[in-house]
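Take a look at this one; I'll ask things after.
Order of writing sets the chain letters: A, B, C and D. Residues in each chain are counted from 1.
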Amino acid sequence: MNADLAALLYLVSGVLFILALRGLSSPETSRQGNNFGMLGMAIAIATTLWLVSPDTTTLMIIVGAVVIGGGIGALIARSIKMTAMPQLVAAFHSLVGLAAVAVAAAAFYAPESFHIATADGGIKMSSLIELALGTAIGAITFTGSVIAFAKLNGNMSGAPIMLPARHLINIAIAVAIVALVVMTIQDGGRTAWHFWAIAGLSLLIGVLLIIPIGGADMPVVVSMLNSYSGWAAAALGFTLENVALIITGALVGSSGAILSYIMCKAMNRSFISVILGGFGAADGATAAATGIQRSYKAGSADDAAFIMKNASKVIIVPGYGMASAQAQHSVREMADMLKKEGVDVKYAIHPVAGRMPGHMNVLLAEANVPYDEVFELEDINNEFSQCDVAYVIGANDVTNPLAKTDPQSPIFGMPILDVEKAKTVLFVKRSMGGVGYAGVDNELFYRDNTMMLLGDAKKMTDEIVKGL
Amino acid sequence: MNADLAALLYLVSGVLFILALRGLSSPETSRQGNNFGMLGMAIAIATTLWLVSPDTTTLMIIVGAVVIGGGIGALIARSIKMTAMPQLVAAFHSLVGLAAVAVAAAAFYAPESFHIATADGGIKMSSLIELALGTAIGAITFTGSVIAFAKLNGNMSGAPIMLPARHLINIAIAVAIVALVVMTIQDGGRTAWHFWAIAGLSLLIGVLLIIPIGGADMPVVVSMLNSYSGWAAAALGFTLENVALIITGALVGSSGAILSYIMCKAMNRSFISVILGGFGAADGATAAATGIQRSYKAGSADDAAFIMKNASKVIIVPGYGMASAQAQHSVREMADMLKKEGVDVKYAIHPVAGRMPGHMNVLLAEANVPYDEVFELEDINNEFSQCDVAYVIGANDVTNPLAKTDPQSPIFGMPILDVEKAKTVLFVKRSMGGVGYAGVDNELFYRDNTMMLLGDAKKMTDEIVKGL
Amino acid sequence: MVDPFVFYLAIFVLAIFVGYYVVWSVTPALHTPLMAVTNAISSVIIVGALIAAAANANVENGWIAKGAGGLAAGLAAVNIFGGFLVTQRMLAMYKKKEKK
Amino acid sequence: MVDPFVFYLAIFVLAIFVGYYVVWSVTPALHTPLMAVTNAISSVIIVGALIAAAANANVENGWIAKGAGGLAAGLAAVNIFGGFLVTQRMLAMYKKKEKK
């Protein structure tokens, strides 16, 4: 009876997690969705506590761990800057990975508690396989996410680190891990070093897999690791025979995979080429150097203010530069001023603007921009031809017409925002030399209807606000 | 081991059914999807045969039943006219309902074969509840679908039959059914008449529920009964502990419910008002009588041919009249002629044009109209203002501007095709007196830019073809 | 041991979610084939019919079960063949514009 | 009796379908919160941590399991609180235009 009820409750919590993701289909339902998620988690935890009926020592361990961990988590959640979300997500993933390894270790050492012991003191074969899978994926998620965090947070250079013969090394390690899994199965999971060797080698492979990938590709990596952490959870769910864990693992696994796919698709790159690495800051410099002599029209903040004040329709195109300059609040202010002047203001967001999916949306939301003024690429792209000014702030690749015309270009085939169709394009960036993520020059800078506004995104926008 | 493998195979067949529905997300993938469905069914049947390892008698019964049934099914599938699809679907549903009742009866009489017998020769309580549910829903599906078939096929008048105190009668029967279920549970399912009484009363309630519903509301009813047949299958799936049946039941149940919802939504009617019945031919006549004196412009086939030949863009709007006149082939011919003259021809389909969802699409497909010339309401509605001719053939309600302007009208709030924005509207129908499904007069007939082409849809179109 | 009923319930609940999403993603142009194919697949109830037809003829009422099973198998077969074939016939008609 | 593994597999497979559809229906504007919330819910691995922490301390290696469980519980708790709260914070920022 207890087991039945518990299984039912875990099912309920799995369903609540589904509803949590479902809520995200629109901003209105999203907050309720998040509450469903919290409720689901509470039910899963309460059910487990009821099932294991912990003694005092155990309770102290658990309460201590949850209070400390929860406190840290809450603190981080409150204080983190919105611009640091990519790092934060990477950091959180690393913790899930490590937790999965720790749980697998515990199951390995105390199989009776997990009901996976055989009569002769060993561990069931199927459970060993699941544990090994959970450990390996968890460990890769852990170190991989740590590297991704360090690259995103700037603790480590974004440049790809290409070891010689790295593919060979990786394959050798993978073979060693498989051999160890076979060994531990033959031995019924009685030898501790097998487990630790699997964990250790997986930690190593996590590092090796991620260091050759350029810093700018980290968002895809983070999403991929998210997916991995889901599959690790599902593997452990089979061992623990826990419906909530299995459902969640499948949800998270799909979510990460789909987000990676969306990003690769929107960048027109293959997932394989991202994973093989080597794409990064290096080639950028050379490509940029070529365009430096061409003539362009520079303008001042006052010029920009004047042009926009007299426009009837302005579309703002934010990109990574807005995030890194934290200019979102200034942009909102500028838009408010323009709206007071009777100008129609909208925002256009490219699916991979910024450095993670939805990055620009969350920043604009932070600056109190109503989400019904913010449009996706497909919904606004044909409005550029009817607008007077496209205000491109810190976006670059996502507006680059080369993507349509130059099959040699690394961004060829990527759908772009047609800002060039606007009567005037105002382009905010710090210098003519700086390039975007893909490291290619942008033909738009040199067009007649483009005016470059060189300077920091935030400072420039603040000055425009003064000018208005 | 056998049971495990069988369960796995049933899971595979459930997944194949999911893929069958998934394929319908686009015409290209749909054919492969249908193959997945057949494969899934073959796996389910083969697995069951392997599990029960039938003796010769059994095999003869099964082979005989499948050959006869399958032969009839194949024959019907080949010979049925596309315009008779609504009836056919209703007829097929009735069979699923009856099959569910027969399976439940068998389980009731031979519980050992279904592994639901208790030690003392009775039937497990949970199984009895599931069987009773399956029987009741199956029986309602059966008679309900038979009535729906008769109304759609014209074997029975479409007019609602309203018994006095019908709600009371229905409630009384429902109470009796519940009482019988309780009795059979208390008695462990040992008394045969309990079962037959449940089945009989459910058959009766199926009739009573559907006769008060007007013939034109039958599509919603058919879809609702489809949903019911799904839930009946799922209930029996629990008894049989069969994963394929449970998954399929849930799929079919959702599908029917969603289609009913889509239809009600597109007609702007509440599901409850459909189920309560009474909406039908009756009110139509009176409403139509009022508009009969107003003046309108009538035209001949030659006039229409002339106008369309000189147009540069024609949008064809088919409706129920095209189906009942079987005019789809003539329409295609006309469109071909026009295209040869350099006219741009498109088709606009309202979600509830015709008498079942997707009705028009399937007829046009039958007439070899490429599906990329056929557009849904949202995709084409703003093109009417740029088109020269809207050729409305047998459609009426779905073009009626009253839906936008007259809150008293039964179709108020239903989204319509904006044919009135076309330069010229050609309206094919048999007589000025005839009304559409909703029984309301159409203001469009009397507009200056409308020309009425009175006559049978097929004859009129054929004449236009001659005129071209 | 967890009662299998809980598992079947879990499967049922998840399948409803899948059904909900998979049906909403069906294009409206194929709603008629959708009705026909759901009809065909709901005839998987034939598995019950086969079990019934295989009931032991020697137990009390065995022949009733066998008869009911045979009947149900026949009805389901009409649907299976009829449903899938008519769907196939319909789907075969949906064609793209030929490139000229 | 069917091996429960088959049921878990069925649940897993169906959940992948649900995941596929539910994630595709997330609006791109909320992809960042999606990443944060999937993070939070994947910490349901804490159920494993709690079981580990409750391991019998008297058996061989019992304390290792308890320790690992405590560690995992702490890590998961960081994620649960951090993930849900940061998602909440983000979602609270998405506002419609005020009617004037």
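Heads up, the rule we're going with is that a contact is a pair of C-beta atoms (placed from the backbone, for glycine too) under 8 Å apart; a residue touches a chain by one contact, two chains touch by 3 or more.
It should be emphasised that the depicted structure is a prediction, and the values quoted were computed from it without experimental measurement.
Undergrad: Name, by label, each chain that touches both members of the pair chain B and chain C.
TA: D
Undergrad: Between A-D and A-C, which chain pair shares more contacting C-beta pairs?
TA: Counting C-beta pairs in contact, A-D comes out ahead.
Undergrad: Taking each chain's centre as the mean position of its Cα atoms, how many Å separate chain A from chain D?
TA: About 16 Å, centre to centre.
Undergrad: Quick check: how many Å separate the C-alpha centres of chain A and chain B?
TA: 44
Undergrad: From the mean C-alpha coordinate of chain B to that of chain D, what's the distance rounded to whole Å?
TA: Whole-Å distance between the two chain centres: 41.
Undergrad: Return the residues of chain A touching two or more other chains; collapse runs of consecutive numbers into ranges.
TA: Residues 14, 18, 241, 243, 247 of chain A touch two or more partner chains.
Undergrad: Could you pull out the residues of chain D that touch at least 2 other chains?
TA: 1-2, 4-5, 7, 10-11, 14-15, 17-18, 22, 25
Undergrad: So how do the chains connect up here, line, ring, star, complete, or something else (other)?
TA: Graph shape here is other: it fits none of the named patterns.
Undergrad: Please give all chain pairs that are in touch with each other.
TA: A-C, A-D, B-C, B-D, C-D
Undergrad: Hey, which residues of chain C end up touching chain A in the complex?
TA: Per the touch definition, chain C meets chain A at residues 1-3, 5-7, 9-10, 13-14, 17.
Undergrad: Quick one: in the complex, what on chain B touches chain C?
TA: Residues of chain B touching chain C: 10, 13-14, 17-18, 20-22, 24-27, 30-31, 33-34, 37-38, 40-41, 44-45, 47-49, 52-55, 57-58, 61-62, 64-74, 76-78, 80, 82, 85, 88-89, 92-93, 95-96, 98-100, 102-103, 105-107, 109-110, 112-114, 126, 222-223, 226, 229-230, 233-234, 236-238, 240-256, 258-259, 262, 349, 351, 356-359, 361-362, 365-366, 368, 370-374, 376.
Undergrad: Considering the complex alone, what residue numbers of chain A touch chain C?
TA: Chain A reaches chain C through residues 3-4, 7-8, 11, 14-15, 18, 241, 243, 247.
Undergrad: Within the complex, which stretch of chain C touches chain D?
TA: 1-2, 4, 7, 10-11, 14-15, 17-18, 21-22, 25
Undergrad: Spell out the residues on chain D that touch chain A in their complex, using ranges where they run on.
TA: The touching residues are 4-5, 8, 11-12, 15-16, 18-20, 22-57, 59, 61-62, 64-66, 68-98.
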